[in-house]
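Structures for review follow.
Shared chain: subunit A. Partners: subunit B in the first complex, subunit C in the second.
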Partner chain A sequence: MNADDWLRAFAAELHQRRVGGDVARHVVAEAATHLREGGGDPWLVFGAPQAYAAAIVESIGTAPGPRPGPVRLHARGITKRYGRQVVLRDASLTVRAGQIAAVVGANGCGKSTFLRICAGLVSPDAGEVTVAGRLSYCPQQGGTADFLLPDEHFVLVGAGQGVPRVPARRAGRAAARQLGWDAGNAALARHLSGGTRQKLNLTMSTLTQPDVLLLDEPYQGFDQGSYVNLWDQLTRLRDEGRAIVVVTHLLNQLDRVDVVLDLPPAHQGGRS
Partner chain B sequence: MNRLVTVAEMTLRELTRRRGVLLLLLLMPLTFWLIRRDSYVGQSVRALLLGISWAVSTAALFATSAARELEPRLRLAGYRPHHLYIGRMLGLWGLGLVISVPFFLLTVIDANNLRYGGIAVAMLCCVAVAAPFGMLIGALLPRELEGTLLLLTVVAMQMLLDPADAATKLTPFWSSREIGTWAVDHTDDGYLTRGLLHGLVVTVLLIVTVAGVFAVRLRQRRHLHHVPIA
Partner chain C sequence: MDSDRRGQWLRGVLDLCVLALLRDGESYGYQLAQSLDAAGVGPIQGGTLYPVLLRLQRTGLVTARWREGDSGPARKYYQLTDDGRAALRHGGNAWLAFVAPVTSIVTKGVDG
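Up next, the complex of A and B:
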């Protein structure tokens, strides 16, 4: 990791620890100046980015997180059977503006089914979902067109909202950059790696400026840096007042979420 | 309107990038033409028309199957079902017209004493019917292989059925055969009228059915209630 990478990781850590934007920029600029003038390996000068960010937070404090707003997603009494298998039984979840909710559980407990029901793609056998505002959904896989360029995906999604193609392309590239991906020079979707394709998937779902964002294991194929960028972006979206639901089975992410829905295993097997 | 044009444009872009598949699809009408070329031009023209129908309907099937996962999220992004199926159909009709031009020129250059206007109209009928027909199969059957096999069955049936058999009128591409007969054998105008009417009715029926299938598949589910942000 060179100095630039270290500074990027440091900035991401500050952001995740809710250090205010101006303060974080100032601290990173100071560290950069110190490295430029004094030289040396940032790992020797400052230590690990996480540890240094934690030390900074301890000394200057953090910006108070925005208070959760009104309810954006309310799913109640969701029950779903596939044949005789009960995949979901009376599952409920309420997510407010400015909150991240995690849907967790073992394989086959119906996490993805629950999210697809919330997105209105699958009908439940019982229960209702109320969504306030615009809804967007990022599937676990698929959801992109193999023979289109990322820019063309942005234009296609943008046109749904009546956004002209140039602003749609610009907004897509900017959103992709938040995930550390340069979408402007990318190849057809079918030639993208699994992780990059998932970044395209994720970018498409944030492009419509949704009030409620449903993400089904959005980090599949991500490397460590992209994973950090993802949570950085989710935190930013939360702070902007979006309600986010993430299906996940990685429990170490849970310290960054506000609400957890732990689904019990399905009866007689099931599907995820 | 912008949504329709965008979906049509992206459909065309996707299909024109599938060059290998497109070339193989074009090979069928060309082969049909060449095989019958020396024996009887009428059979050659009819086979060519059937080949074009096959090519366009298969392209429609592939386009519809490929968009199966994408369309629900486009629906959430602000598209209505009719934007998606009409836009895709427009793109496929455009592609069908582009495919037909070289084959039409082939008949003009390689065959004499034909009503060329009739050949052009028959090709238009093929394209008009084939796009919604392929889309319908693609919407009903989830996998491309199953859809391709069904298309193959329909085309083979169309080719093998006795023209005198009343059941041929129930096949989707009968119109092009009837107009082709008018153009090749210089029969009375009844052939042209019947063919045009059949083509129109089948196209409208297929579009209505495609609309119904898409409306059901991409419907707003009853359990989901949207409320505006106060």
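Up next, the complex of A and C:
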């Protein structure tokens, strides 16, 4: 592991411990400067990335997130069948303002279906979803228009809310920057990579200032850096008081979420 | 055992040493480590030093700003605040009052 690898591992460890933004950037940059000037093996100079990140957390203390607010999304007893196949059985989830909920489970356990039911796109066979406030849904695929520029997507979203072109474009580019993406110079959506199209999708879903944000595995095709930016962004939105539901098959971010809904595999389906 | 003990002592006074080194002007992490080593305290690893600097910054005893060096990379320079100066005076005197009798006792023991 060379110095760059060590620094990357250290940054990831800070991230896991919810040290984000400028603080993390400065601490990592300072360690990098030190290593550049003094040389030496980072494992001897700073120790294991994990241990050093823990020492940093102890020194600065991580800011506790604001208390969760009122219930924004309440899904109760959701059951869904496709033919004879029971995809969801009696699934429930409550998410408050200022919380991130993760929906996890094996492939085919109904994660995306559950999210689409929460979004109101699919009706459940039983159960009820209550949403308080404005809802935004970011699908796993689609949602972008092939022959439009990212800027034009932002203008379109703005138009739906009565926001004029210029501020809509500005807001879109600013939201894209939070994901480490420069949308102002991007090509038509159909020429964007899958990961970048997802960033466009995700950017649009945050532009409407939703109270409830539903994200279906929003990082398909993301590289590691973008993935880190995504979770930074989600944490920021959460701390602004949004209620976020994110479908994921990646479990390594679960220590950053407040609520976990673990769906059982469809074929077991639970008791009847 | 000896390096363990030295480490323990250091943990107790490293913040005071840093405050004292900053008394006459700003400095950055690597330079502080070199100054401590040159003064005979021994090598201080970054993993020990920077958490102390962060704590001093958080408690308002030092402030920090990033600045391009005359040559080389941007560095984070630390400056003593008025609170830091007061903490240095107060903590420094307490330390001196503590080590004087310890030194006297140990000296007798070692010489005897």
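Criterion: the second predicted complex is superposed on the first by the 213 of 272 C-alpha atoms of A that agree within 3 Å, B and C clash if a C-alpha of one lies under 4 Å from a C-alpha of the other, contacts with A are read in each partner's own complex, and residues count from 1 in each chain.
Convention: a residue touches a chain if its C-beta (ideal position, glycine included) is under 8 Å from a C-beta of that chain, and two chains touch if they have at least 3 such contacts.
None of these values were measured; they are calculated from a predicted model.
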Exercise. So, does A:G120 touch the first partner subunit B, the second partner subunit C, both, or neither?
Worked result: first
Exercise. Of the partners subunit B and subunit C, which touch A:F147 in the superposed model: first, second, both, neither?
Worked result: first
For this session: State whether A:G105 touches subunit B only (first), subunit C only (second), both chains, or neither.
Result: neither
For this session: Could you tell me if A:I60 is touching subunit B, subunit C, both of them or neither one (first, second, both, neither)?
Result: second
For this session: Kindly classify A:P49 by the partners it touches after superposition: subunit B alone (first), subunit C alone (second), both, or neither?
Result: neither
Exercise. In this superposed model, does subunit C or subunit B come into contact with more residues of subunit A?
Worked result: B
For this session: Identify the partner contact of A:T33: answer first if only subunit B is touched, second if only subunit C is, both if each is, neither if none is.
Result: second
Exercise. Does the superposition put A:V155 against subunit B (first), subunit C (second), both, or neither?
Worked result: first
Exercise. Which residues of subunit A touch subunit B in their complex?
Worked result: 70, 117-124, 127-133, 135-139, 142-148, 152, 155-157, 159-162, 165, 188, 204-205, 207-208, 211
Seminar exercise, completed: Given the complex, residues on subunit B that touch subunit A span 2-3, 6-7, 10, 13-15, 17-18, 66-67, 69-70, 72-74, 76-79, 220-230
Seminar exercise, completed: Per the touch rule, the subunit C residues reaching subunit A in their complex are 28-30, 33, 45-47, 50-52, 54-55, 58, 66, 72-76
For this session: Spell out the residues on subunit A that touch subunit C in their complex, using ranges where they run on.
Result: 26-27, 29-31, 33-38, 44-47, 51-52, 55-56, 58-61
